[in-house]
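What follows is chain A paired twice: with chain B in the first complex and chain C in the second.
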Partner chain A sequence: MTIRMTRPGRSGILDWLIQRVTAVIVAAFIVAMLVWLLSTGDVTYAAWKGLFATAWMQSFTLLALLATCVHAWIGMWTVGTDYIQTGNLGKYAETLLFLYQLGCALVLIFYLLWGINILWGN
Partner chain B sequence: MQVSVYRYNPEENTESRMQDFNLEIPRGKDLMVLDVLELLKEQDASVTYRRSCREGVCGSDGVNMNGRNGLACITPLSDVVKGDSLVLRPLPGLPVIRDLVVDMGQFYKQYEKIKPYLINDEPPPSQERLQSPEERSKLDGLYECILCACCTTGCPSFWWNPDKFVGPAGLLQAYRFLADSRDTATEERLAALEDPFSVFRCRGIMNCVSVCPKGLNPTRAIGHIRNMLVKRVI
Partner chain C sequence: MRNDNRPTNVGLSNLFVFRFPITAIVSIIHRITGILLFAGIAFALYVLQVSLSSEQGFNEIKSALSSPLCLVITIALIAVLLFHFVAGIKHLLMDLGIGETLEGGVFASRVVLLSVAILVFLAGIWLVQV
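Up next, the complex of A and B:
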């Protein structure tokens, strides 16, 4: 996916489907969190920690984190290939696009690792 | 009425500019924008634009009128003029040849890409390939496109990726052949559209639907293509 990221060659259908599926996962996570917040009268540190100590919540959160990262990656790639063009940025466009995508990838990897650390770290 | 027209002449070697004209519009008449262009040409014969049928059939006089693409010959002034002023620019997103005339090369290239002709490798019947009325009705709202480019040049996705995104006009025609019961190249046509740019750059902005002078709906056609593509892999 990364090697072919600046060229049309990856599957548009796959990207489109992944965007929809990951959006549903993230939406379900947000709804679940809202339901929990509204149904839990007193959101204390203990209640919060208890929620994220359960295996299902850890798995669901990891799934939502992964979905967010994949969704953002495809979305940012799409935005990048729209606006970073030789037509408006000249010969540096290719390099800028690479740096932009590298930046996006680093932020997303950091976000994912940070999330895993919060879930399973001490 | 004040009419401001985009002027560019490659032979003068100067940058493009807007030129203002003051026009007397006959009272009690709702002129078409093409009539205004004809009046302008009486004042300045060098004002250049394309025109032919003057009744919305040939698709030659697509221009941008007060920020909105359309055919000058069937757009009444009452539809576009705000505050007694009219700004006329060439269709956006394509190179300007002169004044309101654009180079449609990129638009036609995308149209060619979708193979806008019937492909059928079965032996031809003795008379003609018949369709039932139901099969024929699937082409309604698709075959009427006159390729004026108002939709495609109004699409931001085409402005950004004119070489990769087919654009609404091309995709409407792509679906016209995908929906045709006599065409046997469905698989080949879909395979050519599955990359992330050809179809999937459509974000459903729907400028194409709002500007189409023939009242067609390219966004719906693109949705049908997307469904066919998705069904192909699931």
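Up next, the complex of A and C:
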């Protein structure tokens, strides 16, 4: 028996789509960072600081972090519901799954706030 | 009386009995690297924070790469990210209906393993010379 609770998008198709869209956003960010690192050559503090001082890079980084967190939430939900089941964990499964998902959500919210603080904190 | 043909649950001990196809191996590594990256986000944010905090912090991050331990950990994390990235692209291509056959899946899995190995090697060289 599986446990139905706190599904990210409340719809499997929506979860599926969000997982792909966020993957493409994060992949684009990784490729952009790679292109910048390789084209800049000697990465100095001034160049690095200057990159993250631009509004577009701050927005892109925040978007990528948000996409990462949503992607991680759906991924961790998928993994959690695959292994934390009443079939192997009995009556404790529901409580364990709840605590697991609560932990994942808190960590991801912390990451998001931390990232915002890095980008606009000082 | 025990009927040996009855269906049984697959337990953890069976993991060492089965010979897994390459597609299954790439699939489970994609999942494991995803879980590792959940924790890896903290590492990336920490490096971003310190490197942007001051010139001294930036230099600390750069010089940390000259320590063999830090270099190995960094390359390992990059390998985890690159695997998830490349295997993810394979996933997206298969979602588009490209290579959705058994032969296509086996071929794509081989390409994933080979290209990740090459990319990690190149990333390692780039990190050492930086």
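Just so we're on the same page, the second predicted complex is superposed on the first by the 113 of 122 C-alpha atoms of A that agree within 3 Å, B and C clash if a C-alpha of one lies under 4 Å from a C-alpha of the other, contacts with A are read in each partner's own complex, and residues count from 1 in each chain.
Basically, contacts are C-beta pairs under 8 Å (C-beta built on N, C-alpha and C of every residue); 3 or more make two chains touch, one makes a residue touch a chain.
On a predicted model such as this, the values are computed, not experimentally measured, just so you know.
Judged by the touch definition given at the top, the superposed model places A:D15 against chain B, while chain C stays out of reach. Taking chain A as the reference chain, the count of touched residues is higher for C when chain B and chain C are set side by side. Look at A:Y92: by the touch rule set out above, it reaches neither chain B nor chain C. Applying the stated contact rule after C-alpha superposition, one finds that A:Y45 touches chain C and leaves chain B untouched.
Once the two complexes are laid over each other on the shared chain, residue contacts for A:A23 go to chain C alone; chain B is not touched.
Shared-chain residue A:G75: touches chain C; no touch with chain B.
Of the two partner chains, chain C is the only one touched by A:G115; chain B is not. Looking at the shared chain after the overlay, A:V107 reaches chain C, while chain B stays out of its contact range.
Overlap of the chain B and chain C interfaces on chain A comprises no residues. Note for the complex: chain A touches chain C at residues 20, 23-24, 27, 30, 38, 43, 45, 48-49, 52, 68-69, 72, 75-76, 79, 104, 107, 111, 114-115, 118, 122.
Across the interface of their complex, chain B is touched by residues 8-17, 78, 81-83, 85 of chain A.
Against chain A, in their complex, chain B makes its touches with residues 157, 160-161, 164, 194-201, 226, 229-230, 232-233. Looking at the complex, you find that chain C touches chain A at residues 31, 34-35, 37-38, 41-42, 45, 48-49, 51-53, 55, 58-59, 81, 85, 88-89, 91-92, 95, 126, 130.
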